[in-house]
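Provided herewith is a single structure, encoded as structure tokens, for subsequent inquiry.
In this document, chain identifiers A, B, C and D correspond to the written order of the chains, with residue numbering beginning at 1 in each.
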Amino acid sequence: MSELRGILVEQVERLVADAGGVAPLREVEAGTFPQALWDGLSEQGLALALVPEEAGGVGLSWGDAAALWQVLGKHGAPVPMAETMLGAALLSAAGVEVPDGVLALGEKGAPFGRHAAHAVKLDGARLTLHPVEGASPGANIGREPRDDLALGQRSAAGILPNSHGPRALRQGLALIRAAQIAGALERILALAVDWANTRKQFGRPIGKFQAVQQQLAAMAGEVAAVQVAVSNAARAVDARGLAEAGFEIGCAKVVAGEAATFGAATAHQVFAAIGITEDHELHHFTRRLWAWREEGGTDRAWAGEIGKLALARGGANLWPDLTARDA
Amino acid sequence: MRFDLPDTPPGAEALRAELRAFLAEASRAWTPEIRARSWMGFDRDFSREVGARGWIGMTWPMAYGGRERSGLERVVVLEEMLAAGAPVGAHWIGDRQSGPLILRLGTEEQRRRILPGIARGELAFCIGLSEPDAGSDLANLRTKAERVPGGWKLNGRKIWTTFAHKSDYMIALVRTSPAPEGGSRHAGLSQFLVDLTLSGISIRPIRDLAGADSFNEVTFDDVMLKEDDLVGQEGAGWAQATSELAFERSGPDRYLSSYPALSQGLDALAAHPVPGAEVTVGRMVARLSALRGMSLSVGGMLERGEDPAVEAALVKDVGNVFEQALPEHLRGLLDPEDSPAELRALLAALTQLTPTFSLRGGTREILRGIIARDMGLR
Amino acid sequence: MRFDLPDTPPGAEALRAELRAFLAEASRAWTPEIRARSWMGFDRDFSREVGARGWIGMTWPMAYGGRERSGLERVVVLEEMLAAGAPVGAHWIGDRQSGPLILRLGTEEQRRRILPGIARGELAFCIGLSEPDAGSDLANLRTKAERVPGGWKLNGRKIWTTFAHKSDYMIALVRTSPAPEGGSRHAGLSQFLVDLTLSGISIRPIRDLAGADSFNEVTFDDVMLKEDDLVGQEGAGWAQATSELAFERSGPDRYLSSYPALSQGLDALAAHPVPGAEVTVGRMVARLSALRGMSLSVGGMLERGEDPAVEAALVKDVGNVFEQALPEHLRGLLDPEDSPAELRALLAALTQLTPTFSLRGGTREILRGIIARDMGLR
Amino acid sequence: MSELRGILVEQVERLVADAGGVAPLREVEAGTFPQALWDGLSEQGLALALVPEEAGGVGLSWGDAAALWQVLGKHGAPVPMAETMLGAALLSAAGVEVPDGVLALGEKGAPFGRHAAHAVKLDGARLTLHPVEGASPGANIGREPRDDLALGQRSAAGILPNSHGPRALRQGLALIRAAQIAGALERILALAVDWANTRKQFGRPIGKFQAVQQQLAAMAGEVAAVQVAVSNAARAVDARGLAEAGFEIGCAKVVAGEAATFGAATAHQVFAAIGITEDHELHHFTRRLWAWREEGGTDRAWAGEIGKLALARGGANLWPDLTARDA
């Protein structure tokens, strides 16, 4: 990790952690937008983090951004900052001025759409910005706002460069969710290890039982796989642009989806009854894992795309294709 | 636990091209069984050819027959060899473990005596670890070397020693003094370079269930070792042996063992389309990509001189699961009657090999115990 | 370990028809969330209707409100209820555990006082086992009942008690004397029939992650129990409680918890065909059939008065794996946008419930430990 | 289990066990037919066990036969007795006189075909008997003879009754293999438990390690599932005939195939290095498990059939269809 990235991650982590652990997660479930957290992150310029410096942004790499999204995921940060970062990056790339505040991505089931003044839509290479005129509230299994929006006439429009491609929105969201999954998995692994060392049964910490150790070790492998897959995907975007990073993003979302399933199940098994309770923090992360594996394309959908491509290219090309993508 | 993807070393592309041209030619003679065994296949002629091209011990100093190339370039060679299912067993251990050990801890004499031969693909090594009563529990080793005038006298028995009957040397981990009462059970072990032609050594091949004779039982009966056959420090054998584990556990040999079946499976599925197969294929490819990233990350850390012991264990654990599942995934897509004969033969061979993947180099249970301990579970 | 499939009891077909007609009517009001919770759903009105039809305590003597039907006929009722996703929680525990316990070991007074009410679907039971420091390790129970003139004084705390806040009675396992030094840690435990309206009892519902309040913490503060509230023998509570485990662990509630999703998944797949889905569907159906056979076999053994404790543990273990995997298999076939809203809601509810399947009634690890011990591993 | 069945199973088990453990398994791999074992089993009338008494047979039920096949599988008995029993049952049902000796089933990859004087073929409902005139030897992964045969002109023919159906041969073979898998799994589970109690590492039997216990317990569940599925299938044949027992047989083969895969992997993991050796008895069973899961239809193929049917019938019929098949 570069030094700059390390500092950024630390700053954001402090902001999110200072917001009060799971308290803001409960608040947002109750309908309150954690404005202070949003403002704090915005003051760091995060919303424009992926906008190039020459366009008035921070000019972070996608690798840096993915590291930040991982931190947001690690804390389940209940703000649409990752989505807004993506929206701003696309708007800027299409030559559209980025408005202040929350950006909603798309129209149906838009993350935190009720809190957005503007929404970004992509049709082919044509990116449009719309005022949000109404929101029919919904939620995913993570109890995060996912709203169907009523959008007004476009207030601005632009054409995304070829480097972004017609699926820039979906691919960007997939990478965001994969990174958040990596963070949330890291978190529940740490929580589970801590619990295993604390909770005693049969006169000793349950972490001394080999069955618990073996499960958590297997989970650690999954967590590592997701982290690497996410880094690899972000690096591919930096090297070749979103349009040409579909393979790596897809791989990341596939591995993230599989790991989310396995990791959530393992953590709950280790925590047993207490982990099932509303009062415990675990479910804020496991519910998000279950939700995020579905958003930005399921692991099934992405696997299908990757597999189709591999089948079309044939066995002799699989390895050369894989290595040819090295950055 | 941290994984950072390294940058691709300069020249990697050219190196890959060279390797692929070489392997395209060499692979014509390989049966499905050879491809399935890959680094469990022993072919001195092939290893000599690989050595002649500078692809063994390639990170070592020129003075010892190396090429002074980077560890990441070496990984390019390993990857390409395994992706092709090359029979690299005759030089694999020397390149991966024994050579680096001697380079790092051996005497100058040992280096000059041994390393150039490994690099040429002429000296084959085996690793003498397990004993009848010491499998996962290596501290229980009983083979012992006693100091005698002019050297050491070796007695005992090693088992499951891969390719001992075909190798020139063994690096043996043996007891040189009893474990101290109340101290570490791993104290008092030392590593020796054992010339397998010495008298007093008898080697009994043990056939495996697939009909191959890669395993051996090696008995030492008053084998006289020279003073200079001790590798590294007396009594430090355990630390020496385990310090190499990151190399042993993180390489592409921990996730590519079944790769040839995936490549052939894709062609079989093109010839005999199976509805919905793309999802399973995509999952395998995604895992492959992630595992390669994990393995390369550890490669980068090793190159930087870090000690990614746990990261390496994670590569092996996740990689072994993948290697073992891969043939089963293909079975779940293609019935035998829909598969070409070569894929059938490859899968039959792999089916009988896969159980070893989560045993060799540390069982799954031992690895996960190591990972758990590192996470603070104890 | 032995499984013998029992013959279908006479009249099963007619009984099924009756149940299906009843359930077709009743199920109209059930949301996907209700179906997903099934025996974790509490609906007194529904339970009274079931009781009125003679489907609770149906194996018990007429004298206690039973119908004297066979255990295998009872299984028919359980199966049909769960396959329909019926909210049977208000009578499930009474029918499965507490009623049989009282019938077997209760006093005549207890039988007459309690059983008819259960059978009518009017008396709801909960089981007080876990405590804050005694989850898997039940021998560590600390809630205690002390002998006092005229009865017992109960103090302590139970936790994770399902439906305590909605139930009429708890069967509580508590300590009546300290575990003897060097003796079994399970000695000195007794079972009590606790009227939850007694003073000194406070019940705090614990919401679960899915937003339901089925869990509770129950605190006993000098609760006065009568002499006659002891169930069975003083000090024999552990043996009494565990002797019912074969009933608790082998029923269709251990493999059918996710069944409604399979049924709806088939329809979703018919509406939105997924190439290759039939293989996954077939695997699920085959497992379902095998599990049903296992569960019925244990039912037959129970009916014959045998003690299939380990067989029951096997049903639960294999069944829980199936119940947990089923929603994931469907997710692996159908993306949310291709699923009808009702299936999506059902899967969302199940996803949040499945973690409990391998926890409730004995964790997977505990069950496998029991099975291992029975096989002679120790 | 009925008393009769118990006695039969015991007799056959004694015969097979007396044949000398794995010695005959090695012999047959070396090309020698274990004639003594074959003769011993034949003398019990086993070949005609499924032929009705009125047709000169023993008149066992399929339930009895499946129990015997399980015993044969438990010992890996290297004789085609199960196949011959099936062939004889079909011949007799078609009104064809059953010849003495080994019967080969089919023409390609026929089990022990080289040792058969006659082969049985089924085309629609038409069953034909042929002299075996030549065998091109082959083997499955279990190293059992699977030979391509040169058959002569049919020496006899008959029509199978509707109760058997046009897939009687495949279904019968699927049931045989599922039953043998059940037996072999029972065996390797017992071997693994025994080894776990014997082999010491870290100063205690490895069976004391929770990781080993958990794996073997999970395996026990799979073994139980196969046994039940096989019993259920055999009972369905007894109740409704082969033609109408395809569902149960398919279920048995699916569960058997899955359990074979899991069980073989688990046993090898517990045995570690010694289990991989040619000298150890384990592989005689694990190799057969890997072979048998492919024969008589793979679990994939059968699952596809069962699944197709279930999809065609729809969700509302799944449970009623299942319970309507109760015997």
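The rule we apply is simple: contacts are C-beta pairs under 8 Å (C-beta built on N, C-alpha and C of every residue); 3 or more make two chains touch, one makes a residue touch a chain.
All values reported here derive from a predicted model rather than from experimental measurement.
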item	value
Farthest chain (mean CA position) relative to subunit B	C
A-D or B-D - the one linked by more C-beta pairs in contact	B-D
Euclidean distance of C-alpha centroids - subunit A vs subunit D, Å	51
Length of the line joining the C-alpha centres of subunit B and subunit D, rounded to whole Å	39
Centre-to-centre distance between subunit B and subunit A (centres being mean Cα positions), rounded to whole Å	37
Sites on subunit D at which at least two other chains make contact	209-212, 214, 300
Contacts with two or more other chains, residues of subunit B listed in rising order	277, 279, 332, 365, 368
Contact set on subunit D toward subunit A in their complex	209-211, 214
Subunit A residues touching subunit C - in the complex, by the definition given at the top	141, 200-203, 209, 211-212, 261, 264-265, 268-269, 272-273, 275-280, 282-283, 286-287, 290, 294, 298, 300-301
Interfacial residue positions of subunit B with respect to subunit C in the complex	274-277, 279, 332
Partner subunit C, residues of subunit D touching it in the complex	1, 189, 193, 196-197, 207-208, 210, 212-214, 216-218, 220-229, 231-232, 235, 247-248, 250-252, 254-255, 258, 299-300, 302-308, 310-311, 313-316, 318-320, 322-323, 326-327
Parts of subunit B lying in touch with subunit D, wherever the complex brings them together	130, 133, 135-137, 140, 159-160, 206-209, 211, 215, 324, 328, 331-333, 335-336, 348, 351-352, 354-356, 358-359, 363-365, 368
